[in-house]
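Each chain gets a letter, A, B, C and D, in the order it is written, and its residues are counted from 1.
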């Protein structure tokens, strides 16, 4: 039982990170039907910026909590800036191109950003400061869940609630939903669609950066390549839940994270990724538009 | 113009901001040292400024072109020149002869190293031609193409190490295994749309690598399979030099073979169905095309070439391990197809040669290789989506002239 | 009900639900050999959904779709994939033109021949005499069809570069290339000017008379429908509200109400 | 317009292909340095390259070997077999006399056939895969590092004998190197009969976390962990073991024993064991080499620096002793004459393994790897 709890906890931690990244994929997809393949790179850049900022701040004598706040904030700002620029350069000119074009452009952007960070910084792993302290009071249950895990779960949950509120109750949220329903109609009723799309990229990037900072702090090391695998997994989660659907992304992330943890724990961790992709293929065979995705009514 | 410069200055400033933490700052958290690389900031500013101006100019041109195309005033000169040169036997024939001659004498005039990397480049040409069918013609984005390449390579490796099969028996088996895997993997994804296809195929690519890594009894895991024989010639003992030259000619034959076959398929009932599927799946099916068979056909056919190429790859290296079959290889083959021009055979050949040979000759440049690949993919999609050399559709002559006369 | 002429298509009580929404509600319809039958109704009446159920794009929730191909045995085609429906001999066009944009006009028509030819991958590579013959026939037949719809001079043009009216005619030629006994046209005159509509009018009648292909069409343009149809079915809110000869329909109070309701909105 | 451009390009391409093939002077000794110099494994290849360049510069400054200058030709193989064969052929066609490399075992296997045919000896600083010497298929292969089976044996006996472990969990990163080490460890633990292997499992490099595997280790009741792989995964494992309050010994191979591990694992590194090449930092030759490096590059020498340095020294010594670069002469010299190198006084045995190099167990104490005597 305890073993099961441990695995569940490890699965939940993964799931909440996947969910934070998957939300970005799914929001963008919902609005412009594009798989932003470079989204994982935004997560990686967020983590790198946080690392650099906290390094500089430590050297200039800042301490503890202020570093966490500042590094997190600047990372989020930069991730948003990268997301915004990414859309402007690589996707906006392809708004009306055939479907394959923006996808290939996105893959290109992903390769570019990875190698940009590799060349600008280093190919090696860098130690990431433990921004989230390991509280002693977690002691009795620490082997099931430590304070970093708890912080990851709580932060992700708060972020997701905030996103829901943003989409449900704010002006920009309404504009996003309108654009998602029907871009032409939204434009006609006076929604600035370009701004909405930019905003979507920015919000998605912010969530990804939060994920990046949390993961960096949790596992203590980052390099230029962490975004790729995390991105692929989060993307898998988004597809699993039905891409374009926000609760779907969270559900997909849960399914994926728990599948990975249980598969690693009860079967073999060497085949972890095989199970992850296996569950994806299985669900897509049974429900081609994902768990919560609506079967798209073909417009003929 | 002034406006342009003003805008570009703003863009440059934005990029200076954007790249500041990554390009300028480098921290060493252990020794508490910050390295400020201010020079990089200057380079970014200059680079972004220049690129922004070029970008603006290119965008304006693109818009002009689109407008022209809209009112039916197509720019004929550019596409026309290439088309004319391929159609006019006066230009086409001598060029082809020269290419054929250069190809034939190539291994005789250059050294073994050149021949050897040319073999690798030619393997990628075949991979490109194969993926070109799946992605370029049939429009099925496959991000796990390398899996079929691995299937071919490991077919030879395993058959050889367990049963002592030779190269020539393994070659067709490798191709067929590739095609079989293509069909097997194609089945579950038939119903998926393009975007879903991308992630599932990517998953297949990684699954293939993980299985090879973990299943030691068969694939020898990460240790790889060593001492795979080079292609044989009726059992004759060959030195590495002559074996390489021999492999080179073999590859040339295979490329010619691949061109021949893909060309024939392109202009056939099957090829047209592939293209129709790419253009509009619903209409295609409504016109009586069996989607499942057509899609599986495209998958299997693309995978078949990867299988063949894999066998030769194993024979050329004499050693294979899972490291050669990563997502990077899939991405390289995809960028070959994209850069060459989807559906265009000549384009793919040129792109494969350029992309594979450049890093070999410009070794100093190798570090920037993947960066360039990424940038090229983005830029091609924006400014030249038809690739270096656009696919020219065949004209079916015959009765055209007669009927027109009759009409008049 | 037209008695005992050869029925080609017989739809009985067809119903289609989307989630909770009933788009088509127990609609019955049939088409006999040599007829031009029209299905009309205001926007959103469920005409296109009906079409999609018949041609295999949707699987109907209830009801039967029976096909009686000439000189062949009857088949129930509910839930058949659309390529099988086409292979049986019912070809369609689309309301929003769905041509293969980046293929030439001729190639578009040649695709229609796909289900009537048999060349496999191997055959295409080997190019044996059978393949060559089929290929030649495909090209010739396609040129013939282009000639019939007046597009021969554009044969090598990309489909996307054709003017609107020509694209509609190309869709018809493409559908005809599948050798159908029944042609289903989904709003063929949409977006056409009066002259183009008139030409289309003639083309449809010519297809019926010269090619011996029956026609079922959805149309908005009442003038066109009244001119050429032998019989008309009227749908509103997913239900069939009337059927009969053009004259009867014109005077049917239900139809007038349905249309006036819509017309006064517009 | 376009065609002339293409024509020109073709001409340039052809010329550039032919150019490098022409002529080279014979009065230098050419030594190829093959290994990953770009890409994600560059950190394992570049120190060797720098070591070889330093040795060459010193020897040249002192008048060269046998009156000839030493020229080094670095060649990148990215640790990929297909690129390794390119690199090998390039080196052969450039007329190198000997090769230092390759770095990864896989790439080495792919390249050795080409050197064998061209009668070129290769000395690897780091290819530890045992069959390279033991299978007899690569007679021209030598290495200045001990093979993996020695290391696995050491790790296994250390765990059972010194630490008294009874239940051992063995993890690996599924890679050539890590899996090999894990396999040998398992083999020797089982052969020793003093402990049981309760868990033998691969982990996915680059995965987000390893907490599921760590829970598994705990469930199996292991009292020691042996890990085969490199430092990024190792540091992730020890960090998460600590945060899960799991206090059992962790033993890694030489891929863990380095500054990279200390940097990333930070305070979690404390107490971790690792096997690694015998401590040679007390040797004068080694101290000198490292001091020179630090003064030239301003940083600590990286992984396989010592071995690369030693390989270069051994080769140059053999050339001097045999009086040339003739294959048979070199072979005889390498196998018979001892030479003082950065890894100690070595010569090579009949199979090509260096005698006089071996492994010790280290432990992280006070932020440094300390050799346990």
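Basically, contacts are C-beta pairs under 8 Å (C-beta built on N, C-alpha and C of every residue); 3 or more make two chains touch, one makes a residue touch a chain.
Treat the numbers as computed from the prediction; the structure is a model and nothing was measured.
S.K.: To get from chain B to chain D along touching chains, fewest steps?
M.R.: Between chain B and chain D, the shortest chain-hopping route counts 1.
S.K.: Return the chain whose centre of C-alpha atoms lies at maximal distance from the corresponding centre of chain B.
M.R.: C
S.K.: If I count C-beta pairs in contact for every pair of chains, which pair wins?
M.R.: A-B
S.K.: Measuring from the mean of all protein Cα atoms shown, which chain centre lies nearest?
M.R.: B
S.K.: Quick check: how many Å separate the C-alpha centres of chain A and chain C?
M.R.: Computed value for the inter-centroid distance: 47 Å.
S.K.: Whole-Å distance, chain B centre to chain C centre, using C-alpha means?
M.R.: 41
S.K.: Determine the centre-to-centre distance between chain C and chain D, using the mean Cα coordinates as centres, and give it in whole Å.
M.R.: Here chain C and chain D have centroids separated by 71 Å.
S.K.: Where the centres are mean C-alpha positions, what is the separation of chain A from chain D, in Å?
M.R.: 37
S.K.: Would you give the residues of chain D that are in contact with at least 2 other chains, written as numbers and ranges?
M.R.: 174, 202, 263, in rising order.
S.K.: For chain A, give me the residues that contact two or more of the other chains.
M.R.: Only 126-127, 270, 273, 298, 300 qualify.
S.K.: Residue numbers in chain B touching 2 or more other chains?
M.R.: In chain B, the residues touching two or more other chains are 30, 210, 213-214, 282, 367.
S.K.: Quick one: which bits of chain B touch chain A in the complex? Just the residue numbers, please.
M.R.: Interface residues on the chain B side: 14, 17-19, 21-23, 25-30, 32-34, 40, 59, 62, 135, 139, 141, 143, 188-189, 191-192, 194-196, 198-200, 202-204, 206-207, 210-211, 213-214, 282, 327, 331, 334-335, 338, 342, 367-368, 370-371, 373-378, 381-382, 385.
S.K.: Under the stated contact criterion, what part of chain A meets chain D in this complex?
M.R.: 3, 6-7, 9-11, 13-14, 17, 123-127, 134, 139, 142-143, 146, 148, 215, 218-221, 223, 225-226, 229-230, 233, 260-261, 264-265, 268-270, 272-273
S.K.: Along chain B, where are the residues that touch chain C in the complex?
M.R.: Checking each residue of chain B against chain C gives 72, 261, 264-265, 268-273, 275-276, 279-280, 282-291, 297, 301, 393, 395-396, 398-400, 403-404, 407.
S.K.: Could you list, by residue number, the parts of chain C that touch chain B in their complex?
M.R.: Where chain C meets chain B, its residues are 55, 57, 81-83, 86-87, 91-92, 94, 98-104, 106-107, 110-117, 119-121, 124-125, 127, 131, 134-136, 138-140, 143, 147, 152-153, 155-156, 158, 161, 174-175, 177-178.
S.K.: Taking the complex as given, what residues does chain B use to touch chain D?
M.R.: Residues of chain B touching chain D: 30, 81-82, 85, 91, 102, 109-114, 116-117, 120, 210, 213-214, 221-224, 226-227, 239-241, 244, 313, 316-321, 323-324, 357, 360-361, 363, 366-367.
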